[in-house]
Amino acid sequence: MEKILEKKRVDDWVAALTGYEVHAPALEEGIWGYQPINGPIRLDHTNTKQPPKEFAFPQREVFFSFEQIKGEAPRLKQVMPSGPRHAVFGVRPCDGRGVPRMDKVFNDHAQDAYYNARRKNVAYVGLACNKPPSANCFCLSVGGSPVSTDGLDVQLTDLGDRYFVKAITEAGKDLMTAAGKLFADPSAADQKQLKQVHAAAVAHPQRAVNNPDQAPAKLKASFKSPLWDELAQACIGCGICTFLCPTCHCFDINDEVQGKAPLNGQRVRTWDNCQFPDFTMHSSGHNPREGTGARLRQRVCHKFQYFYENFGMHQCIGCGRCITECPVGIDIIHVVNKVVENAG
Amino acid sequence: MSDQQPYEPKIVAFLCKWCSSAGSDLAGVSRIQYPANATPITVPCTGAVSPMYIMSAFNKGADGVLVSGCHIGDCHYLEGNYLARRKMYLIMKLLEFIGVEQNRFRMSWVSAAEGAKFAQVITDFVGDLRPLGPQDKLKRAEIK
Amino acid sequence: MPDNIYLPSLGRIAYIKDEVVGERAIKTFHVEPLDGGWFDHDCGQCAMLSVFGRGEAMISIASSPLVKGYKQFSIMRVGRVSSAFHDLSVGDVVGIRGPYGNSFPIDDWRGKNLVFIGGGCGLAPIWPLITTAVAQRGDFKDITVFYGGRTSRDIMYRAELEKLRGSVDVHLSIDKMEEGWDGYCGFVPASVMNRDPSPQNAIAITCGPPIMIKFVIQNLNKLGFKDEQIYTTIENKMKCGIGKCGRCNVGKDYVCVKGPVYSWAELKYLPEEY
Amino acid sequence: MINLKDIRETARDMLAKGEARAVIGYRRGSRGMLAEPAFLTKPEEADELVWDPTCFHNLSLYLVHDRKHLAHAGKNSGGAPVAIIAKGCDARSIVVLMQEHYFKREDVYIIGVSCEGTGVVDERKLATHLNGVQASNAAFDGDDFVFTTAEGEKRIPAREVMADRCLECRSPYPKEHNLVFGEDKTGRQLEAPFAALDRFEAQGAGERWENWARHFDRCIRCFACRSVCPMCYCDECVVDSITFPVTTETTADEKASRIRWIERSAARSENITYLMTRAMHLAGRCTDCGECDRACPVNVPIRLLNNKMEKEAREQFGFEPGASIGGPSLVASFLDKDPGEFIR
């Protein structure tokens, strides 16, 4: 389904989505973030500071609550996510490509009921990048594109005073038919302009990972390279690069106790981070990834080797957040290029 | 809060074992009437009260936190209460700064002989806390 | 797999035994399903146990799959959850989910000689294999068990090991000589060399501290064991058990899914991240 | 005006003569104009060093890392000192570290650099100023910063894009040094000390709470503030373990009895407890390098909490953090005239 929507009618479209909770990028404290929308929406954002992964994989997920009176068996109460359907507007194509990657992680080997319950309840309305929203964008070199529709349900392309609106999935069609009258059929001129805009978007220069196809093998051969320690020398071991990554999925599971008599609380999942020093530390104190070099290697190899070996695609989608936000300049493009180049 | 159960502020009171804790005992054995809102936690010295304790008490739902120790000059460890005076001043200012009501945190000097003063400190604190209502700013929320 | 992989079943502690006391205490627990049955497991698999309010820990199942009424776990007191386990009493209820990981290919080994080499608490992961092989004694040729502890008090399953004698060749060892000790004195790898088991039609299974495993494998190679004939198990910190939480991986493989059982032929090519 | 050549010469010379086992300084990173930490061990690397308005990092953090690595390797001393480029605030951090006996004076060779009349750039202010234009180079020029952009050279008065902490800085000159470059402009004042804090404090308690509640809610607990802070060197933080706190010698009792003060969930109550406790632990130690504030990916104004402590310490206790190596610590000392009227 391909349609044209005048920009001034976008708010009418949102208003027509009565069965949905609509989220779109908004500015707070100088930061673009997805927020529930109750008024006009604006889609002039660069890219959001945090990716839209929180809609299916929130930072905190309650698995179940438990209550135990001393001497009795505990009572467990499963807490499954529920609520209205979400429509998330303004998702950039790179972040869209993060979605199928997360789908793989949470459904390979065993299905994650919490992720899937949220995932089936959200539709992503993407916005093609007519020009790179960040100086550190590198989607083209990791198999993506500023006009990619992968993982999206609807794709919007900015044609000046109107959007070219394309349904990608059935869920996307539903979003459009909910406000069918607002949309017009595209003319031949619209189609032509779309092609031009997309061609220009793809032609826009970007930073690049030089040999993404060679990366898995070269990284594998570089496991013991001294470069890892060198490149990670400045690393401070914080969680910025992974918490802001659209495809980082590592998590921790903890019991949060509310009361002791009777014992009650929740078992919760929270985001965790392979750059924290205690992430892999055994109870014995032994740590298989003791230094920042080993931990940087884990992050980079997960993105460009392990995931590729397991699923046949790079996990990194080239949004550049980890590069822009790193307080000490650790640059995944530079790291991959340097290690790959050094592997000969 | 239902009408049947009027709001009773919960106070966590960190009491130095040499003075204020003994002072509270004296208030008890002297049968001085004062509100039963304070949960006492005996500490070796007010100087040993970490700001973490205070934040943690609020985190776990205290409506008010009291730190009470020996009068200046009477510290069993000579200068513990001098150090506490400085530290507690700082945390008090920090709490105020983020907008926590001033009356949620209190410090007092109560000697082992001042049972009546201890009762008064608690009575006053409860009186000051009551109009503030439950403390929900720093409290760990129930899960939605 | 159940619909919700994170929701544990409940199990009642039916039996507790102090295996080893002192600083590195080990206790053995039998956990029975609270209502009805629960999952079957294979030799070498693990389960995620939880003490509610304290958290979860991945523990090897130490009982044979042939034992249906309960599952056995031998837990060394090392951290938060294992300490909570040591504080439990018979009748207490814990959470359990699993089974996780791969298993020893026991069916491929029928008709062969089995050489078990364990150290410290490393007897627990291979115990289901030993007891299964003994229960199906006719299916296997010679069975030899080398097992050692730091001191005689660190020897776990002592009574059970003694009972095996007769149908199994048992060689116990301790690191330093003690009065009244009639077994071997020295480290486990040396204890193995002392008896030089034959690699002929044999499989060697070893589990214990990493440093012991390293020297055991070197010695087995010296004795003529090929890498394909040597099996071991590895452990890493785990949270989910199903390859999602991202911390137990060795290279591309999550130990909770592809491990914990590896032949040395596979393991030697994996990065040393365990 | 500092001549970069002099800094490079010094570094080259020290490394060549073995007078320093490493030089920690700044070099140009791989992402645009930004500088990044550099760790030089060979004389020929000295030409990599840069000095420009993007040298914001407080490199004394890496002296802490160095000590931790030495300790982990079982060494007490690395032999020759580590030379480090330090601005006024950074040098004060080094003083605090020595005051707390983290290392000795002879373990470090301080190559001081004066910020003279300006300071470092605030990336957020600059981004607003440049409005989407990317800069590829930044340079000091008197009271201005000069940026190279695709649209040509842009000269901006420094005070318009400088970090708040630099505007308020009264001592942009590293008093403690072995060698110093640049003019001593101690006492220079572009804005009143604590100006940003005073602006915030002018609000009523209700408004302050409303603001802080939003700030605390945004925190994602990536711990960049802690990780980037040279004063957050504890092996074990109230929040969790961070470096090598559990060794093979740590007993099960110690591990089991470790109090979990804060849950891992990034909930408001937990974020408050973390950030407030951190501010308390930094009272009298924070030298206002502002790195926590800069590193925070979600713009929590962490610096204000630390500033509040600094201001109270100064006004009530006459205390200046990082003033002298032999001086007392704020919370381990007292004066008879300390305020006590608040005590009942």
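When the chains are written out, they are named A, B, C and D in that same order, and each has its own residue count from 1.
The working rule: a residue touches a chain if its C-beta (ideal position, glycine included) is under 8 Å from a C-beta of that chain, and two chains touch if they have at least 3 such contacts.
Since we're looking at a predicted model, the values are computed, not measured.
Trainee: Just grab the chain with the largest centre-to-centre distance to chain C, centres being mean Cα coordinates.
Mentor: It is B whose centre lies farthest from that of chain C.
Trainee: Can you check which chain pair, B-D or C-D, has more C-beta pairs in contact?
Mentor: Between B-D and C-D, the larger count of C-beta pairs in contact belongs to B-D.
Trainee: For chain B and chain D, let me know how many angstrom lie between their CA-based centres, rounded off.
Mentor: Here chain B and chain D have centroids separated by 35 Å.
Trainee: Go ahead and note the Å separation of the Cα centroids belonging to chain B and chain C.
Mentor: Between these chains, centre-to-centre, one finds 52 Å.
Trainee: Whole-Å distance, chain C centre to chain D centre, using C-alpha means?
Mentor: That pair's centroid distance is 49 Å.
Trainee: Centre to centre, by mean C-alpha position, how many angstrom separate chain A and chain D?
Mentor: Roughly 31 Å, centre to centre.
Trainee: Can you list every residue of chain D that touches 2 or more other chains, as numbers and ranges?
Mentor: Within chain D, residues 255, 263, 267 contact more than one other chain.
Trainee: Chain C: which residues touch two or more other chains?
Mentor: 78-80, 82, in rising order.
Trainee: If you look at chain A, which of its residues touch at least two other chains?
Mentor: 252, 254, 281, 283-284, 286
Trainee: Taking the touch rule as given, give the residues of chain C at its contact with chain A in the complex, in rising order.
Mentor: Touching chain A from chain C are residues 1, 3-8, 10, 12, 34, 50, 52-57, 78-80, 82, 93, 95, 210, 235-237, 239-240, 242-252, 257, 271-274.
Trainee: Quick check on the complex: what are the chain D residues that touch chain C?
Mentor: Touching chain C: residues 251-253, 255-256, 258 of chain D.
Trainee: Which residues of chain B touch chain D in the complex?
Mentor: Result: residues 51-52, 55-56, 59, 72, 79, 82-83, 85-87, 89-101, 106-109, 121, 124, 137-141 of chain B touch chain D.
Trainee: Considering the complex alone, what residue numbers of chain D touch chain B?
Mentor: Where chain D meets chain B, its residues are 201, 205-213, 238, 261-263, 267-270, 272-273, 276-277, 279-281, 283, 305, 308-309, 312-313, 316-317, 330-334, 338-340, 342-344.
Trainee: Enumerate the contact residues on chain A facing chain D in the complex.
Mentor: Its residues touching chain D are 28-31, 49-50, 59-60, 135-136, 233-234, 236-240, 243-244, 252, 254, 256, 268, 270, 273, 276-278, 281, 283-287, 290, 323-325, 327-329, 331, 333-334.
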